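Dumping the structure here so I can ask a few things about it.
The letters A, B, C and D name the chains in turn, as written, and every chain counts its residues from 1.
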Amino acid sequence: MEIGFIGLGQMGSAMAANLLKAGHVVTVYNRNQSKADGLVAAGAKRAVDAAGACKGQLVFSMLADDAAVEAVTFGERGILAGLGPDGIHVSSSTISVEMAKRLAAAHGEAGQRYLSAPVFGRPEAAAAAKLFVVVAGAPAAVEICRPLLETLGQRVFPIAEQPEAANLVKLSGNFLIFSVIEAVGEAMALVSKAGIDRRAYLDILTSTLFNSPIYATYGALIADRTFEPARFAAPLGSKDLRLALAAANDLEVPMPVASLIHDRFLRLLAGGGDKMDVAALGGMALEDAGL
Amino acid sequence: MEIGFIGLGQMGSAMAANLLKAGHVVTVYNRNQSKADGLVAAGAKRAVDAAGACKGQLVFSMLADDAAVEAVTFGERGILAGLGPDGIHVSSSTISVEMAKRLAAAHGEAGQRYLSAPVFGRPEAAAAAKLFVVVAGAPAAVEICRPLLETLGQRVFPIAEQPEAANLVKLSGNFLIFSVIEAVGEAMALVSKAGIDRRAYLDILTSTLFNSPIYATYGALIADRTFEPARFAAPLGSKDLRLALAAANDLEVPMPVASLIHDRFLRLLAGGGDKMDVAALGGMALEDAGL
Amino acid sequence: MEIGFIGLGQMGSAMAANLLKAGHVVTVYNRNQSKADGLVAAGAKRAVDAAGACKGQLVFSMLADDAAVEAVTFGERGILAGLGPDGIHVSSSTISVEMAKRLAAAHGEAGQRYLSAPVFGRPEAAAAAKLFVVVAGAPAAVEICRPLLETLGQRVFPIAEQPEAANLVKLSGNFLIFSVIEAVGEAMALVSKAGIDRRAYLDILTSTLFNSPIYATYGALIADRTFEPARFAAPLGSKDLRLALAAANDLEVPMPVASLIHDRFLRLLAGGGDKMDVAALGGMALEDAGL
Amino acid sequence: MEIGFIGLGQMGSAMAANLLKAGHVVTVYNRNQSKADGLVAAGAKRAVDAAGACKGQLVFSMLADDAAVEAVTFGERGILAGLGPDGIHVSSSTISVEMAKRLAAAHGEAGQRYLSAPVFGRPEAAAAAKLFVVVAGAPAAVEICRPLLETLGQRVFPIAEQPEAANLVKLSGNFLIFSVIEAVGEAMALVSKAGIDRRAYLDILTSTLFNSPIYATYGALIADRTFEPARFAAPLGSKDLRLALAAANDLEVPMPVASLIHDRFLRLLAGGGDKMDVAALGGMALEDAGL
């Protein structure tokens, strides 16, 4: 199948590589074009702008935020301009519910189709095609994309017909990650100040009731106070939580723990933590206890 | 080995039965004596008071709260009075850090020994000898008890020499359970108000990043709004969280999410929720969103 | 002086009337034109669109929200189009910091001037010319407007040269009002559940340390649970708090009490409280205590 | 009238001096006896223990906390032992609801009477006889004490027949003070980070809606970041808030803002702020914003 792929950061380039490996014809585009070199060497075609990556029926985008998606979609030589009738734009970026609605509306008006297909997983998981993909949009379009999404991940979850539902699931999932960090931070501050070893405590947690990788991964970062280099940077995490709260505001859904964590993100960033991992939220709990 | 066992509720009677099955001589006592009948029929001896269950070197207690432990320990025919020199009192109840310190001091003064050995797991896990046991106290006493604790559970975690450390771990673990309930409640309120099916959403969570039984179990109760009958009743949960916060106050450890949840427990109880499961915290998040 | 006045709600019509009484030539405009009738009968001129109210050097706008201000300013026959070179737009509406920046920039580009001059006070205060006016913008423009602002209020506070500073002061002031409502609600719930009369309690508060009208006014509404009709409607209050939090987010300022109250507003609105006064926040505290 | 006065700190000695000045026969006692010297020089009699200060029908106590009141009341030569039948113990200390109940019960069993009569006001107000006194207990006893309380303060508020009600009012009043500090801290952080002068902002607040001395006093301390020397020390404030939350817990009253502030007190104390004024809570808001 002929596919475009826009956005070749750590996640995007791993995903594009997997599509290529599966035998698809992949045209890639990235604002900073040198990021495409590896993929081109591996057989991908290079486009000079976003529109140029829209020769086939389907184009993926995987970008940092709303602004980047807006630029490659609505820009002069953007996806809207490049994609043919019935063409499908699959957005895997973590963007706002609001932006997903705008994209769906714009592609609809242009006689094109739009899917939101955000993913859970880190760059390693993307490289290993072990992502989890949540997809939402018109069922016919979802069916066309499904084999490709299955190429990218270990499991695909179609969730709703409104594309923005998938973005909301993604944003809420990130909130749940942050809630684990905050709660584990508080619990560790408590036991740690009483003289209990944090690693021994974490071993109990993850061997018993909290045996999911999220607890193990973030618990270890908090126990050891290792917040740099960031794998999931605090400014990105803060942005995601703000988008979740913006959706909550529009839907009139109170989320007191989410709000509490958002204020802690602001404190972290105001204090110079913009190079830190989101795990540093947990470090603040230790610090606030005088540890 | 000759063992006493005091407190024959759902948890205690299952634990005592496993000690009996392992070939130990077990003398049981419960305030409401009829609860001992099944164990006596299975070979246990019956004591008529707490002191009477302290014939051997070691006595377990598994009771509802500080007041109950205080009564069987310090009462006229209590454990302190019944236990011989060097005797060991193993308390598996979820009690306060303060009470654990008092017990340790009192047994120490009496020339006896005290261990805190709270457990994680429900009555089913107790019956199947699948509990997780956190134990703290003097290493020599821990070594004596360890084979018995291994009879009761799938894994034993010695954590510290001060007995109250084990209670703090238990209390903090319950806080982490409540934090999952609250966060999942908020996330479900968000996606649910946007029209996403709560069970489908939970399936995504538990198939991906949150693959621990805590998320599955409590997530299902929240998704289905099934809060009665209670397996972990709200008044008990609220009590545990209050004990965690009391320890946090004494140690000067801020725990903002714990405080937030404690206020939600108070609201639940003030609103008549004392028969409900702790999962009802998550139900409040749905309710607050107008769902 | 020849003045325009746009937006003739309860506040705006009282303010325009005072300018008229002071001898100024006032041209008024309101989308629903019948609201201008009383002022026209009292000597005001009627404009048929916003541009038509911009014949003099200075035009006031006093509208409900960002959207309304955007419409009368940027619309086809709007203030930007109607105002002459050096003309001054004085916005007394409670709008976002963001919108104030946009207005300042747009008027600047058009060779015009922009001031933010939000007011504290209810319609009664507006009618009695007892408002408090916070004004920000270029000093020269402030000096021109100052006599007019003094006509409207009992005191004028020039605060900064960037117009949006005045909006931030206004938004933060409303947050402080909500914080009083929330705190008094919690305190009243506490003493009231202990059997103390709420009115007697309020009398103590307002006779001693909290002798400001805010405590007296909102305390009485909470004590009596009188939340309708709204004088300051919950949806407007919620909007103001959201704007304060948006500014806090942009400036990276954590405001945990503001966030907590915002979630309570969402709960109030999700529960059907959109006709209620902001005082109903305090009523929720009573309700949450089971009162 | 013959009166005893126990507890001669800054507040107590000022109160005892006013009773003396009004012509009463005052016998004073303080653990550190040198604190009585000034009063004795002015005509007071000196007692060598608490019981010795209970020769008349009525004895006041004004002490730091529950433990101090417990010691002078229940100790061997304490108030219970010294006071005659029908004697009245008037406790003006800020103590827990629980302790007030215990005192009332113990005096009742001893055929004596107990009143809670906590005061609002600083040492200067005590010296000037400008305190506000909230009194609760049996009406007959209140009537006997009333002229004395009027000697101490500018106004006396009888609030209920259960003595502990007065303590609850006092504790809730201190919570309201802390809520002002926290809210003003957050608001100042917001405007201050936007470049607005904090003193100019405070002037607007206190000239308009928030014209009570609490806002002026604490607002100035926050604006200037003057947190030492403490007039109302953080450890005492934290203790009072903990007592309010303990009462709220017993009554099942959620107080989310109170809980939030309590966690901030813990952070302040864990960070070494035990010499600081409670106003330092507001300083944390500035600090969290990176100011």
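Here, contacts are C-beta pairs under 8 Å (C-beta built on N, C-alpha and C of every residue); 3 or more make two chains touch, one makes a residue touch a chain.
Nothing here was measured: the structure is a model prediction, and the numbers come from that model.
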Result of counting contacting C-beta pairs for A-C and B-C, higher pair: A-C
Relative to subunit A, chain with the most remote C-alpha centre: D
Distance from subunit C to subunit A - Cα centre to Cα centre, in angstrom: 39
Where subunit B and subunit C are represented by their mean Cα positions, the distance between them in whole Å: 53
Residues of subunit C touching at least two other chains: 248, 252-256, 260, 266-267, 270, 288-290
List of subunit B residues in touch with subunit A within their complex: 97, 120, 132, 134, 155, 157, 159-160, 162, 164-165, 168-169, 172-173, 175-177, 179-180, 182-184, 186-187, 189-191, 193-196, 200-201, 203-205, 207-215, 244, 247-248, 251-258, 260, 285, 288-290
Residues on subunit A engaged by subunit D in the complex (per definition of touch): 256, 266-267, 270-272, 288-290
Footprint of subunit D on subunit B - complex, ascending: 242, 248-249, 252-256, 259-260, 262-264, 266-267, 269-270
